[in-house]
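The structures come next, written out as structure tokens.
Shared between the two complexes below is chain A, which has chain B as its partner in the first and chain C in the second.
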Partner chain A sequence: MSAVSFASVSRHYGAVRAVDRVDLAIPEGEFFAMLGPSGSGKTTSLRLIAGFERPTSGSIRIFGEDVGALPPYKRAVNTVFQDYALFPHLNVLDNVAYGLMIKGLSRRARHAQVEAALEMVRLGGYGARKPSELSGGQRQRVALARALVMKPRVLLLDEPLGALDLKLREQMQEELKSLQRELGITFVFVTHDQGEALSMADRVAVFNDGRIMQLGTPEDVYFRPQTPFIADFVGSSNVLPVEMAQPFTGEAHPAALRPEHLQLGAGPLQGNVTGISFLGQSTRVTLETGGTRLTALVPQHHPLPAQGETVALGWAPGALHVMRSA
Partner chain B sequence: MRSESAPRSLKLAAGLGLAFLHLPILLIFVYAFTSEEKSFAWPPPGLTLKWFAVTWGRADVWAALGLSLKVAAISTLLAMLLGSLCAAAVARTRFFGRETISLLVILPIALPGVVTGIALRSAFSLADIPFSTWTIVLGHATFCVVIVYNNAVARFRRMHGSLTEASMDLGADLFQTLRFVILPNIATALVVGGMLAFALSFDEVIVTTFTAGQQQTLPIWMLEELVRPRERPVTNVVAMVVFVVTLPPILGAWLLTRGTDTVAGHGK
Partner chain C sequence: MSALSDRLWRHPRLLLALLLVPPLLWLGIIYVGSLVALLLQSFFSIDHFSGMVTRELTLATYAELLRPANIDIMIRTAVMAACVTLAAAIIAFPIALYAARYAKGPWRALFYLGIMMPLWSSYLVKVYAWKLILAKEGILTWIFSGLHLGWLLDGFLALPVVGGNSLSVSPTGTFLVFVYVWLPYMVLPIQAALERVPTSMLDASGDLGAHPAQTFAHVLLPLALPGVVAGSIFTFSLTLGDYIIPQIIGNSRLFIGQAVYQFQGVAGNIPLAAAFAVVPIVIMGIYLTLAKRMGAFDAL
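Right after this comes the complex of A and B.
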């Protein structure tokens, strides 16, 4: 049985199709990412699972139960909000204990569980603080503890790391991943950051215009994108249009080529160097060939072309990925 | 920022301004003790406490005070209920005509009291409603609702919309969310709005003149009393008592709103 499943779920706002006929099955215990640009329908899909939105059509099941008519407070899921949504009038302890208090647990029972939850997110001893006295990373952990203390069967995370700085974000990625492995809970998280989705998730659903464009493992969507949109959005891949790719692939489809696979100096195409930027590990060279913009990543200590120079372009056999769904 | 002290002339001007604002109030206190009852002569020919006793014994003072308290209390409660509900609707949801509603609620406070008064008076007589305590309450509610609404709507706007969602996500139904999350977050705004509304209603003259029948609220009574030649200091005694009684709630409102410019936990 799937933890969460969508059967042709749509959510329309007037003429806008925020979510459009989405089918989806998330098995129990999976770390599942919904990835897409803003307005792609990923957050609405998450809110449909939480119960803040009702589907216009289609059915949503959580562990087999049709939840279409259930309000948020009757669902076995909990949410970590993008802005954390900590209650400003309550201290950390009462924030985390809120759900247990609503459940009717005694003060003593609540406090024992809250202490354990705060220990789990490494915030033991912070119970008396107000949310305003915490840093962004600490607030994020409180929000996480507040959701986890409810022992949800599915944890929903809405851009959980969006408001954190880069270093903290990388650290929290690790922690979320190990926490999920430890607890074995199904995590569903929404992000617009492809790096975050690829590094944390077991499977990724790439959203665009209210639909899932591709659903697969991080390796799938990164190395085998099915559409030019995914090649560009997920992997920052080069997209070779049909007329450029067909001579090499023999198929009337566009093809994706990863920047690190594009080699300069020898090959069938000619490109004009339009930009060179140093990235540290490698140097990014942008080229223009027959009206198409291509990007190549040249590793350290390799010879670099000059700005405006015309160079030959090539790739190793098998590096071109034909996008047959496009 | 410059922290050296201001030039003497500026200090003097500020002092004079403050004196101009507050000395007349002190003057009222002094005249409450004067022994001269017909005119306010300066300096007072003598000081006496007898006006306090006279005031205590006058039934018309007690009737006016009672009516004023009753009207202010009912209008304030009405305003707190309607004002907060209206603020919740305008701040938390989107619906057709939202901006119009918002403007229509605020408009009575921008409207001169005379216009509100005349409008209400003609409406009451058109509908054949006899003047009573309730017509005064309705008149006062027009501006009391605005005060509570303005306070509540500002607080609602600063309150994150996701707080109610978080509450429901954690298992609380609508009533529990109202009780444990929404009310605690808007409580001070409601109390402050209520205090200001009460104070406004308590000293309102213009709208009351048009919506009262034979009854007198305290400010109307004072106005009438000033033209009477006898026992004038009684008015001053009443004014002084009203001042002393209404000061704490106003100060309280100020203390409560101080330092709530930023809602705790708001910044990211």
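Right after this comes the complex of A and C.
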């Protein structure tokens, strides 16, 4: 049985189709990422699972139970909000204990559980502080503890790392992943950051215009994008239009080519260098060929072309990925 | 012009001083200063034979203030202010909630207009209008008798303390008009407080298992409380100090404002009027201390 499943779920706001006939099934224990640009329907999908939104049509099941008529407070899911949504008038302990208090647990019982939850997110001893006295990363952990203390069967995370700086974000990615493995809870994670989705998730659903464009493992989505949108959005891949790709693939479909697979110096295409930017481990070279903009990543210590120079472009056999759904 | 701007840019403190001095003088001398002068008056006394103020520091005026008749006035005023504040809060909260969280676009503008408009017309006109509404021959009596409920109104007016010959000469009438006149001062701060509560916080409460009534009690109300307290400061202090409404609507029993008015006007007893003026300040001080102790400002 799936932890969460959508059967042709739509959510319309007037003429806007925020979520448009989405089908998906998330097995229990999976770390599932919903990836997409803003306005793609990923957050609305998460809110549909939580119950903050009701589908215009279609049915949503959580562990087999149709939750169409269930308000959020009756669903066995908990959410970590993008802005954390900690209650400013309560201290950390009471914030984390909120759900248990609502459940009617005694003060003593809930304090024991809250302490354990705070230990789990490495915030033991922070109970007496107010949310306003915590850093962004600490608030994020409190929000996580507040959701986890409820022992949800599905944990929903709405861009929980969006407000953190890069270093902290990478650290929290590791922690979230190990936490998920430890607890075995189904995590449904919304993000617009493809790196985050690829590094953490077991499977990724890429959203655009309210629909799922591709659903698969991070490797699938990254190396075998089904549409030019995914090639561009997920992997920042080069998209070779049909007329450019056909001579090499023999198929009337566009093809994706990863920037690190585009080689300069030898090959069947000619490109004009329009930009060179140093990235640290590699250098990104932007080229223009027959009206198409291509990007190549040149590793450290490799010879670089000069700005404005025309160079030959090639790729290793098999690097060109044909996108047959496009 | 440019030289002046450059000079001020290099000396930000000078600019700050230039900007702050006029309002500080206003606040310090005209506002606080005159209040202190007034309070000083309360430590003088009046010579009852000559009617002249004796400029010697004494507590005699405060002894006069604490006579039973004056204590009655204070209690009556404080109880009225508390009832008005409570009623205004109860009526204002749902209005503010609707305006802050549900009203959209033109509806919201209309709501603001509806709340603010009564403030733009003359207070006296409104109070006299209420006198007509509440009068024995007024529309309320007419409605009650039309509904065959005249006995209910008469029965209520026969009650001690709150009743009277008609609503317009009863403390109930005074109460109704106070609530009407001060209501906007309660709605606006509550609305401002409610608007600052992010929707995600209410979602979070529901997500953690709280049904809407619990979310209201544990999240929305505590977060709106500073707004309620701010509103109550207005309604409470405005009721404590007002002398016009109880003079036009109500019976002959005095409120603090009327007492101040009479003592400093007709009786020429400035020290006692000043001592009376201290009473609302003390009551507000006690009220705010209690509110703070009960955690009303925790969400600030």
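Going forward, the second predicted complex is superposed on the first by the 326 of 326 C-alpha atoms of A that agree within 3 Å, B and C clash if a C-alpha of one lies under 4 Å from a C-alpha of the other, contacts with A are read in each partner's own complex, and residues count from 1 in each chain.
One rule holds in what follows: a contact is a pair of C-beta atoms (placed from the backbone, for glycine too) under 8 Å apart; a residue touches a chain by one contact, two chains touch by 3 or more.
Here the structure is a predicted model, which is why all the values come from computation and not from measurement.
**Q** Based on the superposition on chain A, does the combination of chain B and chain C result in a clash or a fit?
**A** By the criteria stated at the top, chain C and chain B clash after superposition.
**Q** Tell me which touches more residues of chain A here: chain C or chain B.
**A** More residues of chain A are touched by B.
**Q** Counting only touches as set out at the top, which of chain B and chain C does A:P71 meet: first, second, both, neither?
**A** both
**Q** Could you tell me if A:R146 is touching chain B, chain C, both of them or neither one (first, second, both, neither)?
**A** Both partners, chain B and chain C.
**Q** Of the partners chain B and chain C, which touch A:A197 in the superposed model: first, second, both, neither?
**A** In the superposed model, A:A197 contacts neither chain B nor chain C.
**Q** Classify the contacts of A:A163 with the two partner chains as first (chain B alone), second (chain C alone), both, or neither.
**A** In the superposition, A:A163 contacts chain B only.
**Q** Quick check for you: in the superposed arrangement, does A:P131 touch first (chain B), second (chain C), both or neither?
**A** So A:P131 only meets chain B here.
**Q** Residue by residue on chain A, keep only those touching chain B in one complex and chain C in the other, then list them.
**A** After superposing on chain A, chain A residues 50-52, 71-73, 77-79, 81-83, 85, 87-89, 98-99, 101-103, 146-147, 150 contact both chain B and chain C.
**Q** Name, in rising order, each residue of chain A that touches chain C in their complex.
**A** Against chain C, the touching part of chain A is residues 50-52, 71-73, 77-79, 81-83, 85, 87-89, 98-99, 101-103, 146-147, 150.
**Q** Quick one: in the complex, what on chain A touches chain B?
**A** It comes out as residues 50-52, 71-73, 77-79, 81-83, 85-89, 98-99, 101-103, 130-132, 136, 139, 146-147, 150, 163.
**Q** Hey, which residues of chain C end up touching chain A in the complex?
**A** Counting only chain C, the residues touching chain A are 198, 200-201, 203-211, 214, 218-219, 222-223, 295, 298-299.
**Q** List the residues on chain B that touch chain A in their complex, please.
**A** Listed in rising order, the residues of chain B that touch chain A are 160, 162-163, 165-173, 176, 180-181, 184-185, 263-268.
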